[in-house]
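Two complexes, one shared chain (subunit A), two partners (subunit B, subunit C).
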Partner chain A sequence: MTGLVWGLKSLGRHPLRTALSLAGIAVASAMLLDMVMLSGGIEKSFSELLLARGYQIRITPKGTLPFDTEGSIPRTSEVVRTIRAEPGVEAAGAVLGTAVYGRTRDSLVTLFGYGIQPEAQGIYQVTAGADLAPGDTLGILLSETAAGLLHTSIGDTVTLAGRLDPQIASASVDRRLVVRGLVRWIYDHRGQPSVGTVLPVMQRLGRDAAADPGSLLLVKAADDRAVDNLAERLRERFPALEVNSVAELVVQAKRRLVYFTQLAYVLGGMSLIVAVLLVATLLTITVNERLGEIATLRAIGVSRGTVVRQVLAEGVALTVLGSAGGILLGLATAEYLDAILTSFPGLPATFSFFVPRADTLSLAALVLLLTGSLAGIYPAWLASRAPIAATLRAEAT
Partner chain B sequence: MTRSPMLVARDLRKDYPMNGEVVHALRGASLTVEPGEFVAIVGPSGSGKSTLLQIVGGIDPPSGGSVELLGTRLETLNDRALTHLRLTRLGFVFQRFHLLPVLTARENVELPMAEAGLRGARRRERARQLLEYVGLGHREGHRATQLSGGEMQRVAIARALANRPAILLADEPTGELDAATGREILELFRRLNRDGTTLLVVTHDERLAAQAGRVVHMLDGRIAAETTAP
Partner chain C sequence: MTLVVLQGTPPAASTTGIAVERAVAERLHLAVGDTVRLGATPDSLRRLAVVSAIYEPRPDPAEISRRSSRVRLHLPDLAVLLGAPDRVDRFGIGLVPGVSADSGVTVLNRSAFGFRAHPSAVIASESSQTFKVVSRFHRAIAVISIVASAVFLLCIMLLKVEERRMDAAVMRFVGVRRRTIFGALVLEAALIAILGSVLGAALAFLAGSATNAYYRRFFDTELVFSLITPRILWFSLALSLVLGIAAGAAAAWRLVRIRPMVLWGRA
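So, the complex of A and B:
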């Protein structure tokens, strides 16, 4: 035990040097941690976002992803009725996304309009006031940003305009609606001014209502294990539509983000190498400085094994201490970088690039621990092989 | 009943390369040490004193000849067995003390006992007793760097005695000390020998050699003469 104490106390022999090395290891560990969080974070965050309200299947116009294009699903109400009648379907609802305009005293404000079926919706959460009742053609839901732009609050009346004619800057359709509640639209980017009405109202405001268009259908399966099977049946039933389970969308997203993952692996690997080099360099220097001590220990009967364990313990201690700082630094950096990345236009505000996961964090910690041990192998070998007599002779002269 | 010798070194030779040439550090040195003896090895620098001590202490292999310590031929032992023998049967004291500066006096003394597997409380207690024995009970919590040269050497002696060695080997133990401090160490060695410790000491210090029961004179890698105290 005293031998181990010697190893650990040796780290305090040159406090500044040890502190600088610890800082280096902390930076490398922080980078590794961030890269680990980044590599799996996008996937996890994306999956959580899509499953936020428990709807496991998305149906969109053929060849598109939700809100990817202006394309729409025709006869949405009929499609939804058919889907709801399918065995194993717990709920299904349609969403229409379109541009609408809000009238203020002297101008029009551009808004994003959601047409929804309140009895089966998976895209918002009420934060204040009340939800729309099914068939409530007089009510409207606003995001905080939209409420701010329209200078309205719950109970006020707002006027929405649709199908603006750019030639005369005049809207073809106007609709007065009462604000029922404030909501957080799950897929909105930060600061997006969005409003929601029941589907028929938004269809009249934004599109050709007679076609009964929808941008997206959400389907909730009663049994999570039956999602793939249900998606397959819906695919067969609606060959003209794109049917994807959330798991499939995550795979597609992963394919699109493969460069992110590769970048994360490469940078993570590099930071790991930096950590190994730092620990190995510091230990090699300290072992070389202490060869006389080590030779003395060997002379008085301390085994090679003990010497090796001491040096390895120093490596592990350095890595553990450095990594502890690295975790704090890594989490702080991840938060900062996340704020920058998620501010990019078009990204949902609730999306996150850096997501801490217990399994990946444990893996990173294990890899770092192994790294510390591996980094100590060469200096430990050097220490255990120090020629006793020659080193003592050199020390005496 | 006759007692077996503690140490028998026969015809020891040691050659090693230096700057492209072979240095003959020992040219056939033989030595026997009986239990309880206090033997001093003296001679000019380069005469092979320290090399002889390192070879009989099992930390440097001879180029020729043999060493028998407590009936065991050292050349028959592998590194592990030799290390264990040094730990349990030999005590070493070096000219430059070689204490670990980051440890306290007591921790330095505990180190060989920890290596030998002696556990916490008993180990600490024995370390305290040894520090008391060398007159440093009051300094047990001080780091090696906070001790004077004489104190460091006394801690080193306590460390050498930690595992109750059969023989204590010392290489110029007063070489780094002033005259007064050297006298304290000398007195400590005398006391150790009186208490039954076998001593083999390499020294330039005539006063220290004068305390030995037998003085071995080395010259040019050989034992040139031996004198026994009257």
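So, the complex of A and C:
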């Protein structure tokens, strides 16, 4: 009989005790799974979000992160032209973010306006209708929410107003635009009413167009391996701007969300301790109960190694069975916890905190299996050290 | 806004006074009386300013993960610096006693154009959304932890009581009643639960102190990150006691129903 089958049979002798232990290990391993997903999820999700359209470098006003402040880059068109001329640059585009207002029948609706260069954009995906053509100063793109607020659909005309002046109770700029398409803005939070026009139109609506402002520049390197080198060159070329590769932005985002990563490590560690304690306690008591049986086996010639293997196999069986239930439980709780955390105000709708990653999950499974096995070391040592004659004599009386 | 530190530059008559946040002053090695150059962009650092004060901002959880560097200027100085005279981001309005914030907001929004009025309570509620989410997350984690602890406790109590099989058998042989054995086992479970709870509370205080010390240092703030209130303490003690006694009682009930010879292992 192999050690594993022996271990399973031994566990089956006390079904209630085994079931409770398995439940405990399942909850602990579910927590461990969730925390492993949380610790690596932020990084993976943020990285995927930033690379959604393949642009690996972001350029912002000095000392800021994208859309962190109202600061803007002056003379955007000139900067974009210079960047596009750099060797190794496949595409570069500017984005301006500003508040604009949409006119409905009897009031104004506040909207978030993106000024874009359609030939090089990395912040939206068209879901219906057509994209803007470069230089299309009469067209507009809407998010589903903005379309709902303005009661418009593709082909309709909307009026945007910019720079409201409370003293003369009027808008400084008005613009009638035709809805070309509906889009999903990648970095929008849930329900954000956003609209997009070509850059010059949004500059006129939102800011001083003469300064040619932009909030953010996106740069796509022709070769992924040359991103760091290109970012360094752009940093030297534009010392008054903040140049960040996606990898650097991910590091900064992780720093901001460091609390969750550390919480994941602490709770993951505690889950491991709980699982180890459960396995070790159960096996120790089981071994103590079966000392007579173990002494008999030793007396008829079963080797010390076989006894040790049997106890260790029992620990592994407990861990594996408990973890199997833990995976299902962990996936369900991860979904619930993710729903809570993704309701953070201002977080992009596509962002996720609990993301399964093959490498971290494999590592967690390995650590769990290893610690489950290690938990059996003490009871296995107890079993192997049991004095045969004394134990048998004690059993007989 | 951009700031450049100038060392050894004598302040001119037209310099502006600025107050610098303590963390920024430490990072840039600034002291009161130092001169800096200010501008809206890095290539327009035209205005000289003298550090007239260094201040410690009120601890604000909403600002904790933002690593922005802050200085304070008088409003007209900032407006000149930004080239946006007579322009502000927001107003604070104090109402005379007896006027409700909601009615004031309604009147302002009816006549307003280009701005929107909000009651302070609504802004406070909106700006605390982040902490409500974190709080909900902590509660969910706490529920999972309680479930895990309950199962763990039940398991341990079951094992602990089962260890007493021989004792229970002997007691039954010498005529001790089931009820007495049951009571003794439950009492033992309660004692273990109390001791465990007290140890757990001590551990929680230690962990809380370590958490506060670490995150205060990490975020350079005076905020309290872990707070064990008497209510939390009593709730935890009561919960672990109830769970411990319930688990002990369930295990003891199972044990006293078994015949003594079976407990003795001779049936």
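One rule holds for everything that comes next: the second predicted complex is superposed on the first by the 389 of 397 C-alpha atoms of A that agree within 3 Å, B and C clash if a C-alpha of one lies under 4 Å from a C-alpha of the other, contacts with A are read in each partner's own complex, and residues count from 1 in each chain.
The working rule: contacts are C-beta pairs under 8 Å (C-beta built on N, C-alpha and C of every residue); 3 or more make two chains touch, one makes a residue touch a chain.
A quick note: this is a predicted structure, and the numbers were derived from the prediction, not measured.
Participant: Put the two structures on top of each other at subunit A: do subunit B and subunit C fit, or clash?
Facilitator: Here subunit B and subunit C can both sit on subunit A without a clash.
Participant: Between subunit B and subunit C, whom does A:T306 touch in the aligned arrangement: first, second, both, or neither?
Facilitator: Once the two structures are laid over each other on A, A:T306 reaches subunit B alone.
Participant: One more residue to check, A:S10. First (subunit B), second (subunit C), both or neither?
Facilitator: first
Participant: With both complexes overlaid on chain A, does A:T296 touch subunit B (first), subunit C (second), both or neither?
Facilitator: In the superposition, A:T296 touches subunit B alone.
Participant: Does the superposition put A:A210 against subunit B (first), subunit C (second), both, or neither?
Facilitator: neither
Participant: Applying the touch criterion given at the start, work out whether A:A358 contacts subunit B, subunit C, both or neither, answering first, second, both or neither.
Facilitator: neither
Participant: At the CA centre of subunit A, how far apart in angle are the CA centres of subunit B and subunit C, to the nearest 10 degrees?
Facilitator: Spelled out: centre of subunit A as vertex, angle of 90 degrees.
Participant: A:I388 contacts which: subunit B (first), subunit C (second), both, neither?
Facilitator: First partner only, subunit B.
Participant: Between subunit C and subunit B, which one touches more residues of subunit A when both complexes sit on the common chain A?
Facilitator: With both complexes superposed on chain A, more residues of subunit A are touched by C.
Participant: So, A:A85: does it touch subunit B (first), subunit C (second), both, or neither?
Facilitator: neither
Participant: Subunit B and subunit C, closest CA-CA distance after overlay, in Å?
Facilitator: Subunit B and subunit C, overlaid via chain A, are at closest 9 Å apart by C-alpha.
Participant: Residues on subunit A in contact with subunit B in one complex and with subunit C in the other?
Facilitator: none
Participant: Once bound in the complex, which stretches of subunit C touch subunit A?
Facilitator: 2, 41-43, 65-69, 112-116, 126, 129-130, 133, 136-137, 140-141, 144-145, 147-148, 151-152, 154-156, 158-159, 162-163, 215, 218, 254
Participant: Help me check something: in the complex, which residues belonging to subunit A touch subunit B?
Facilitator: 1-3, 5-6, 9-10, 12-13, 292-293, 296-304, 306, 388-389, 392-393, 395-396
Participant: Contact residues on subunit B for subunit A in the complex?
Facilitator: Spelled out, the residues of subunit B in touch with subunit A are 50-51, 54, 57, 59-60, 79-80, 83-88, 90-92, 94-96, 98, 100-103, 107, 110-112, 114-116, 120, 159-160, 163, 171.
Participant: Which of the residues in subunit A end up touching subunit C in this complex?
Facilitator: Touching subunit C: residues 16-17, 20-21, 23-24, 27-28, 30-31, 61-63, 69, 74, 110, 164-166, 169-170, 239-240, 255-259, 267, 271, 274, 277-278, 281-282, 285, 288, 333, 336-337, 340-341, 343-345 of subunit A.
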